[in-house]
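In what follows, chain A forms one complex with chain B and a second complex with chain C.
Coming up: the complex of A and B.
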């Protein structure tokens, strides 16, 4: 069995407002664990694998730039030296950590695995989750090149479509360049080596001579994964959203977004420009609002609208929980539309050029999905949440001096406790499985749920129908419903033709409906329609304005698309316009 | 089930910065993998191998977890070949021994 190792590394600050204590954490999980469990930070699927040292090498820089130093660094070299040393240090550390996964060294060994069976297991690297900055560092390329493919943006006669067609960046192509330069100049120090490599003009940075993936059997183009959080959601917030705001005006966009009805959990009541500290959730929710806000806005040309819509389509498709070849084909079509209309952003004067690394990297999501599954597996959301759970909470418990070892000791204690807890749970589950309980019927969890207590009790039906014209048909609907129920209950062959309008005096009106209990919301649980989706729960609001003229709440309702049954009476047969409040 | 993996520390001295040694704290990656694999809470939610999921009667590939995608499959094919080679070598040794025995 293969243990599919997924690594994730990110830098975080340990202190909130001051200080420069940086914690460079490397987390690890296994791709064998199902995605929905792996995405939970508390599930124990993630392990803090290493703490990578980070230093700014001030002492070394001082020594090398002092007048007594035997080497002479010019200004450029001195400026780039800390960066070079940092990257060298990173690759050196990663090489030590990754060492057991090397092609020459990995062996399969017998390990106790799930189901209490012994598996012959071998660990292989399948993915590395990193943000854009670290992706460049891992792939040893300059920030102007692409870590995944050999496309060279910013050169003349190159376009942003090049990334679709360019060859992938195999590890050997980078290593070849490094060897070639090193062979030509065997004694050059590391700060001159970089300038020599950059003269080759092939996108290799030359900061590091021996990347950590040198001995692996996969290249960086295979294991580096595009990150959904930064690459798609944050990209849209940072770039296209700003273009739209500058095109139609910030106030106009804010007003348009604030007027839209509430969808899902979030509602931008005062627009987006005033938002402070937008998090991933806001970035994600904005994608739902931006298309209707853009419709018919001033100064928006059809090309620009198509460009934004294509981008939205792409971002929505790549975050689906299940994808297949047909959908990927559709994705290609949206990419074509996007590339065809991309120049509109320049002609509208929103950008001088389109060399945005994240815009260009969007096309690599397709390759990632084919290699490593859907991109929700590769979102950096979970590792980012782990920062708060692991390093930051542990740091708060130390005395903030020489904190590494106390942190690790605490972590070991926590881990041991967790292991013991899981062992006890497992033991008790084995003992209880000898007296098997009837399996829970999961279908009961689906359907409609309302609160135990009604939001308003005992409202006279006459007051409801009198107040709002839209509910005038309520009595008739109840009469029809009870007539039908009677017909089915008595199983009489003579069916009553119930039609027309009724009032309270009708014999079909059951007296117990004189007073009604009101609920303003209910929870609708939708069953998963295949095994790749989880069940979804939505709260549907239907609060009308008249009920709350005295209270501070305004009325609001959710948009619901009802697939009406053609033969059933009742509320289904009413059209949306009949149900609409005034 | 064993306890948590042990932490290790290693001092790293770069050739170009000998005055500033850095300390790397790390765990053995294989031990961590085995630790995760031995966790009984994942035993019901565990993919043992790569699989190719398709709609019935079509060749449309479905992508979901890493196990349904191509990289894992390539690894498994690679390792499968490796096992195959080992077995064939063993078979060779076996026939070789038989030949030796016959020669005696």
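Coming up: the complex of A and C.
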């Protein structure tokens, strides 16, 4: 059995508004755990594996640039030295942490696996979740290169499509460059070594001579995973959104977005330009408004619209919880449309070039999906949430001085308590399984939930139709509904043709509808599209709402899909249901 | 407050429709105007067979076209009007409302100052079915054409 080790690292500030205490956390989970459990931060699927030291080496820089320093560096070399030291420190620490995963030192061990059977198990690094800045540091490449492939975006005649066909940036290709330079110049110090490596112009940074993955049997192109949060959602917020704002005007975009009905958790009432700080949720919700806001906007060319729509389709597809060959085929088509229209951003003067690492890396999502499953497996959203649960909450319980050791001690206590709690739960579940409960009927979770007592009772239909113009056709509609219901209930084959406009004196109008009981809203829960989604619950609002209910009302009736042609394919037999009592 | 629970087993209908890719042909967008029933304060003894269940009065939009619009990349619908240019409405059983429709009004050019979120749907002539509103809507809408 392979234990698929997934690592995630990220830097976070321990204090929110003041101070510069930085916490570089390294988390670990296993790919063997179900994805939906792994995505829950409080499920215990993630552990804090290490705290990586972090320093900006400002004192080093000061000492080296002082006249008394015995090491003579020019200005550029001195400026690059803190970065070199920071990356060396990171790789040295990581080498210690992942030492048990190295090819030469890896040993199998026996663990209790599924079905209470003993399995021989071996741990392998299969994924590393990090933001783009850290991906460059892990792969030891410059920010202008790609950590996954050997495409060189800034070379003459290169295009963003090169990333689709370029060879992977394997660990051996990076190490070859480093070894070659070191063999040619065995005695140069690290700051000169970096300059020599950069002269090779192959995208390797040269900040680190011995990367931590040197002794692993996988290279960074295999274990670095594209991050959905930064690589897709934040990318759209940072780049295409700003292009749209510069094209149609910031005020126009804000106004168009603010006029659209609410979708998701956020409604951008004042647009997006005035938001000072946006979270991942806002980045994701913005994608829901862009397509209708862009349609019909001034100065938008068809090519630019197709480019943005293709990007939206790509981001939408890569975050779906289940993908098959058909959907991946659709994804390829959207990539072709995106590449075909990408130059429009340059033609419109929005960009000088399209060498944006995250735009170029979008194609690597497809490779990740084919190799390691859906992208939600590799989102940094869970590790980002873990910052709040683990380091930040533990730091708050310390005296804020020499906090590392107390934090680790508290973490040990918390972990012990959690493991004990889960063991007790597991034991009780085994005991209760001897008396299994009847299986739950999940269809009970779907349907309509409406208040037993109407929100307003005994309202005259004439007052309703007189008050609201949109209800002018209510009486005619009741007549038609009643006639159709009579025709359906009747045993005779004769049908009544009811058309035109009717009033209360019409023979088709049932007298019982002279006074009505009204509801302003009800809850509708729909079954998921497939087993990878959760059921969705919505409040369906009526357009006609009394003043005292208007605090939650959006100002318009909910738009819904109605089963309009049920008889054609016999669906009426499935949808014919009755309301049951409480 | 107590609740009445309606049990439309439309899960089966939905799954069948997504399999046969008839989603767009079978469903029609509408705006819910009123949820009502005949008042329970009145005697309904005249019709003992009558089952007094809540119903909805909706205003129809036009049928969903088979292909998305060339100009927006989304499916476009309009308010359905009768021969006298009045909105087409209907009373329907509540269990025919299958799920929420992400309908967004089209805004052509620079939006006029008097437009607000509340009144824009009254002024708009076209409405987009926004497939990007959620993953489930995306799969249902995009994979059915």
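As a convention for this text, the second predicted complex is superposed on the first by the 442 of 582 C-alpha atoms of A that agree within 3 Å, B and C clash if a C-alpha of one lies under 4 Å from a C-alpha of the other, contacts with A are read in each partner's own complex, and residues count from 1 in each chain.
The rule is simple: a contact is a pair of C-beta atoms (placed from the backbone, for glycine too) under 8 Å apart; a residue touches a chain by one contact, two chains touch by 3 or more.
Owing to the predicted nature of the structure, the values given are computational and were not obtained by experimental measurement.
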| item | value |
| --- | --- |
| Between chain B and chain C, more extensive residue contact with chain A | C |
| First (chain B), second (chain C), both or neither touched by A:321 | both |
| Which superposed partner A:5 touches (first chain B, second chain C, both, neither) | first |
| Partner chain(s) touched by A:146 [first = chain B, second = chain C, both, neither] | neither |
| Contacts of A:526 with chain B and chain C, given as first, second, both or neither | second |
| Partner chain(s) touched by A:541 [first = chain B, second = chain C, both, neither] | second |
| Touched partner set for A:287, first chain B, second chain C, both or neither | second |
| Interface residues of chain A shared between complexes with chain B and chain C | 321, 326 |
| Chain A - residues contacting chain B, complex | 1-6, 26, 28-35, 37, 43-45, 47-53, 55, 57, 59-60, 63, 85, 88-89, 92-93, 96-98, 100-101, 108-109, 111-116, 119, 121-124, 126-127, 189-190, 217-218, 222, 321-326, 369-374, 377, 404, 408, 412, 415-416, 419, 422-423, 425-426, 532 |
| Complex contacts: residues of chain C adjacent to chain A | 1-18, 20, 22, 25-42, 44, 46-47, 49-55, 57-59, 61, 63, 71-74, 86-92, 94-111, 115-121, 127-128, 130-136, 138-140, 142-143 |
| Residues of chain B defined as touching chain A within the complex | 1-5, 7, 10, 12, 14, 16-17, 19-20, 22-30, 32-50, 55, 60-72, 75-76, 78-79 |
| Contacting residues of chain A [partner chain C, same complex] | 252, 255-256, 258-261, 263-264, 287-288, 290-293, 295-298, 302, 305-306, 309, 312, 316, 319-321, 326-327, 330, 443-444, 446-454, 457-459, 464, 468, 470-474, 476-478, 480-481, 489, 510-522, 524, 526-530, 533, 536, 538, 540-544, 554-566, 568-569, 571, 574-575, 577-582 |
